[in-house]
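A, B, C and D label the chains in the order they appear, each numbered from 1.
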Amino acid sequence: MQIGMMGLGRMGANMVRRLMKDGHECVVYDINPAAVAALASEGATGANALEDFVGKLSKPACIWLMLPAAITGRIADEVAALMQPGDIIIDGGNSHYQDAVDIAGKLAPRDISFVDVGTSGGVWGLERGYCLMIGGPVAAVRHLDPIFASLAPGAGASTPHAADRDTAPFGYLHCGPSGAGHFVKMIHNGIEYGMMAAYAEGINILKAANAGKRKREADAETSPLKNPEYYQFDIDLAAVTEVWRHGSVIGSWLLDLTAGVLKDDPALANFGGRVSDSGEGRWTLKAAIDTGVPAPVLSSALFDRFSSQGESEFADKLLSAMRFAFGGHVEKKKD
Amino acid sequence: MQIGMMGLGRMGANMVRRLMKDGHECVVYDINPAAVAALASEGATGANALEDFVGKLSKPACIWLMLPAAITGRIADEVAALMQPGDIIIDGGNSHYQDAVDIAGKLAPRDISFVDVGTSGGVWGLERGYCLMIGGPVAAVRHLDPIFASLAPGAGASTPHAADRDTAPFGYLHCGPSGAGHFVKMIHNGIEYGMMAAYAEGINILKAANAGKRKREADAETSPLKNPEYYQFDIDLAAVTEVWRHGSVIGSWLLDLTAGVLKDDPALANFGGRVSDSGEGRWTLKAAIDTGVPAPVLSSALFDRFSSQGESEFADKLLSAMRFAFGGHVEKKKD
Amino acid sequence: MQIGMMGLGRMGANMVRRLMKDGHECVVYDINPAAVAALASEGATGANALEDFVGKLSKPACIWLMLPAAITGRIADEVAALMQPGDIIIDGGNSHYQDAVDIAGKLAPRDISFVDVGTSGGVWGLERGYCLMIGGPVAAVRHLDPIFASLAPGAGASTPHAADRDTAPFGYLHCGPSGAGHFVKMIHNGIEYGMMAAYAEGINILKAANAGKRKREADAETSPLKNPEYYQFDIDLAAVTEVWRHGSVIGSWLLDLTAGVLKDDPALANFGGRVSDSGEGRWTLKAAIDTGVPAPVLSSALFDRFSSQGESEFADKLLSAMRFAFGGHVEKKKD
Amino acid sequence: MQIGMMGLGRMGANMVRRLMKDGHECVVYDINPAAVAALASEGATGANALEDFVGKLSKPACIWLMLPAAITGRIADEVAALMQPGDIIIDGGNSHYQDAVDIAGKLAPRDISFVDVGTSGGVWGLERGYCLMIGGPVAAVRHLDPIFASLAPGAGASTPHAADRDTAPFGYLHCGPSGAGHFVKMIHNGIEYGMMAAYAEGINILKAANAGKRKREADAETSPLKNPEYYQFDIDLAAVTEVWRHGSVIGSWLLDLTAGVLKDDPALANFGGRVSDSGEGRWTLKAAIDTGVPAPVLSSALFDRFSSQGESEFADKLLSAMRFAFGGHVEKKKD
């Protein structure tokens, strides 16, 4: 079927390629003409302006937005202004689910459907397929089923599309009304933060398994290591993460990637340790707070990222200042 | 090759079965004669006492202990008393790695090797193979290579056993001297706690996505939900965990099991929510503390288990008592 | 000076009493006529309806709302509808600071000032005075200075009110424009949650200092206590919290109250351990998330309250279910 | 009465001064002769060697050790070798309580008493008095009562010393047998870490209350601030911490110091943010783990200190590496 894709970055462009491989007709648009030209040369129909883009779509027009969260709302408004009753806007980006609820509410009176699709798979999605978490009106979601089936890992355009079949095993799922897709994706990312941190913390302790070999300062500001004889191991982190991939309880795709990372660059010399967060970990915690659900692991994972961004500095200075104030403890220099 | 297995519980018995399937000769012993008889009927050589057990082993004797952590040390002493120079004791249980360091140190002067093998795979290991994290002297570990190759998922008795080959891709790894195996397994379990909690917390928030539908009390002791319109989703947890298995970043074996669990028993009616911990999560944190490595996610996961065991009760009573003392807040009844 | 007080609950009534003691004229109103009558009998001017209440105030009318957060916004609208340019509305309740920003913005075009006053002191404020954190336009805040001086602990009506004097040492502070008062109070409560939890956790460990005396089950689902000889102390919690009040680094007013609580009811038999949260701890975390500031301690304190409310139950059931699924671990019964 | 003090650092020297002010006879020793000479010039009896020190004490000899934790055990052994039945060794340092249990057990057969005294008060103790948490045999503790009464804040040498009187209100307490004093002090410090972190986190969020004024990058690696209009406050941190000291629920001695710190150096320019930990926070968590008591707040506080020491760096690099591996996210530079 035909689909319009707007936003041809890393994710959007690869999704177009995966769709074309399955025989879908893709009309594409981006403010960067080079991105349009690249996909046009691979078989997509390029557009050079928003009006041109919308005009090239047959009815009902289905436009998939794959844009940074910060601008999705504004662009959705612009796109919607050009659309007709029966048309469908899909937001596949990392937008806040509450925005999806709001936009869907605004568009419903004009009979334009808004479908929010949480999309996981990263740079590997082109090859592995994308896991799709979908929110929106039933009719629109069903209409788009061939698109979802082609993007997801396990089905493809040739799969028969029965109305009520269970699509989860194929890698896509209609989770509920508008907003439900991004809500589920938000939680997905919250879990992702927690899992990543679990691996990172554990591997960091493994790395310190030789702490007993290091000479430790013995001053009043340094807690001594009582039993250095128990911390004499030089663990091969790449080998350990590799062995865990085979038969252990903690095997996962993230572990597969982690083992590869540690094999290629055991000292992680290419990284400085400033960990970004892209919004969904934050929103997950806000949802936990709103609903009164404890999330100590997910919050610890998020706050470690904030700390890695330097945001605990003032608090830490204050702790040192308090220690000096009550105990005369002079702060040690940073290494 | 021949191996003696002592401790024929869920793990030990299945390991014997997996070894026999690969042609190894297993001498087995347990204080429970029925467990011995069961495996004898499947082809193992049974023993009826510790002396009998040791006596049936050719030299060098290799005895694998698969026992509860609480008794492993005592039994290892009893077994060691009956062994000769050149013999090997293997501890495959969830023992503390520091005990392995200590026992190995005691046995080394008698030329008895102590090999600690962290074993992951649970009840699925018989079929999938066990991930083995191994610590001990090089010679003993190499001697046991055929056993490890058969227990692990990816190799098998027919694999050529080159001296220095990379075994990690087959699912077993010599991690370092005595203690290193259990150290790595300890961290493995610490990570496991963190991953499990990440899923559990995220799914718990998903379950609360319909909080806006519930009537909430509006008293001074209850924080109101400001935007109930954003919490109107009834999420199908089994379907969501199923879809995440296909192409998402958080795919894992634990998620595979979780999706199965939620499909069979969506309300988890078979469980009360008292989560045990078996020691290695605790030891992981102690190692983090000793080495000064931050582990906020792993500790949050452990402490949640303690809370589930009722151990936060007094602290919580104290919080309610403080609130009453400074603000006259009368505690609400537990549901 | 004259002030109108609406909302005569525990806090509002006591504030009226403290103001009258300092010679201020209080006009009072509440939907509960008995609350009005009680204060009228102590010298306040009672009102029997909102219009009556506003009508009894001389110009500029100053109305202090001391209401549950859930209704403050609606009542503020009703009150504002009856007010004139130059009048002042004060919100002394536990409202969200963002509401204060919004309401102030709505009222400014009508030249009605909105002053938000975070009020700490609880049931002790009548006697000790209230700590006041104030946000709003400079002119309105200055106009109300005599009221603030009387409510706060350290000044009183007889203090000379120089325009730019430093009022913080007297226990009240103009923190910034509308919203700043409730923002500072929000953070105050966030810190309060953290401090309370620090005491509660520490005291809970003290209580467990005799864990080595308890017979512990030795099964595969229970982590053994390796060195029971180190956990043989029966600590007198009331005595310890009392001694900490004298000269230690952790002395505080909360500790004063805690020592009293433990003296009167060492087993805390009057409490069940369900700890409410009244909103500001939640908002503090949302502010931390919005601004990217790590708050692991404050969030741990909040999430423990959620757990005490039973909200970790499903997550804990899921953990038990996972443990059964991968390891065959049968859940232990809750005590 | 007479007391020998060994270790004349910041704490030990001031304790001698406080004791002499109350008329006690102090014999003093330190490996640094200048420290001995200084106190001798103030009226103490100096000693120039360990034997000289012990020899100058009348029977029963009472020796108070005020030494770094790392050497206390060794020195206690050396001192004990020179002592007679009936003598008393007091350890007032930040030693591990388990060492006190062990040392007391070794000395008991020789009828030498070991008294462990957790000492809080820091550099302010000379003036305010020290809060003393005492463990040891009843007879020895009673014998030392005049010393404790003089060191503590609230009593003094003139207080009548009834055998069973409640000393907690005077600032010293016999908490139980040997080890109990340091156990209670350990928990005290654990709580201290939690309280300090609660203030530091809260104040750090206050500092960020103007985040909406800062220009924030709008790229895919930066989570946008949705409502900058709510983060426009420039909060005067020194003034806010000052006002909280007066009548609020979070008043404390630590807050008194914090307000002073922020007044003198609002930007905390004298500190770099590397926060040391001196052992007792670590031991508190180990005790929590051993006894199965949840301590999420205290552990979060400790782990933040580890992070401030740079120990999360490898974990954070790993997180960035994972993000690059699955999503192609290029790490942002540290500021």
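In this section, a residue touches a chain if its C-beta (ideal position, glycine included) is under 8 Å from a C-beta of that chain, and two chains touch if they have at least 3 such contacts.
Quantities reported herein were computed from a predicted structural model and do not represent experimental measurements.
The chains that touch both chain A and chain C are B, D. Ranked by distance of CA centroids from chain A, the top chain is D.
Once the centre of each chain is set as its mean CA position, chain A and chain B turn out to be 30 Å apart. The geometric centre of chain B is 37 Å away from that of chain D, both derived from CA atoms. Measuring from the averaged C-alpha position of chain B to that of chain C gives a distance of 44 Å.
Shared contact sites, meaning residues of chain C that touch two or more other chains, fall at 122, 197, 199, 201, 203-204, 208, 223, 226, 249, 253-254, 282, 290, 292-296, 300, 303-304, 307, 311-312, 315, 326-327. Put simply, chain C touches chain A in their complex at residues 249, 282, 285-286, 289-290, 292-296, 299-300, 302-304, 306-307, 309, 311-312, 315, 326-327. Those residues of chain C that touch chain D in the shared complex are 97-98, 101, 120-122, 125, 128-133, 152-154, 166-173, 175-177, 179-180, 183-184, 187-188, 190-195, 197-199, 201-206, 208-209, 211, 223, 225-227, 229-236, 239-240, 242-244, 246-255, 284, 287-288, 290-298, 300-301, 303-304.
Remark: chain C residues 10, 68-70, 96, 122-124, 196-197, 199-201, 203-204, 207-208, 218-224, 226, 253-254, 257-258, 260-262, 265, 268, 270-279, 282, 296, 300, 304-305, 307-308, 310-329, 331-335 touch chain B in the complex.
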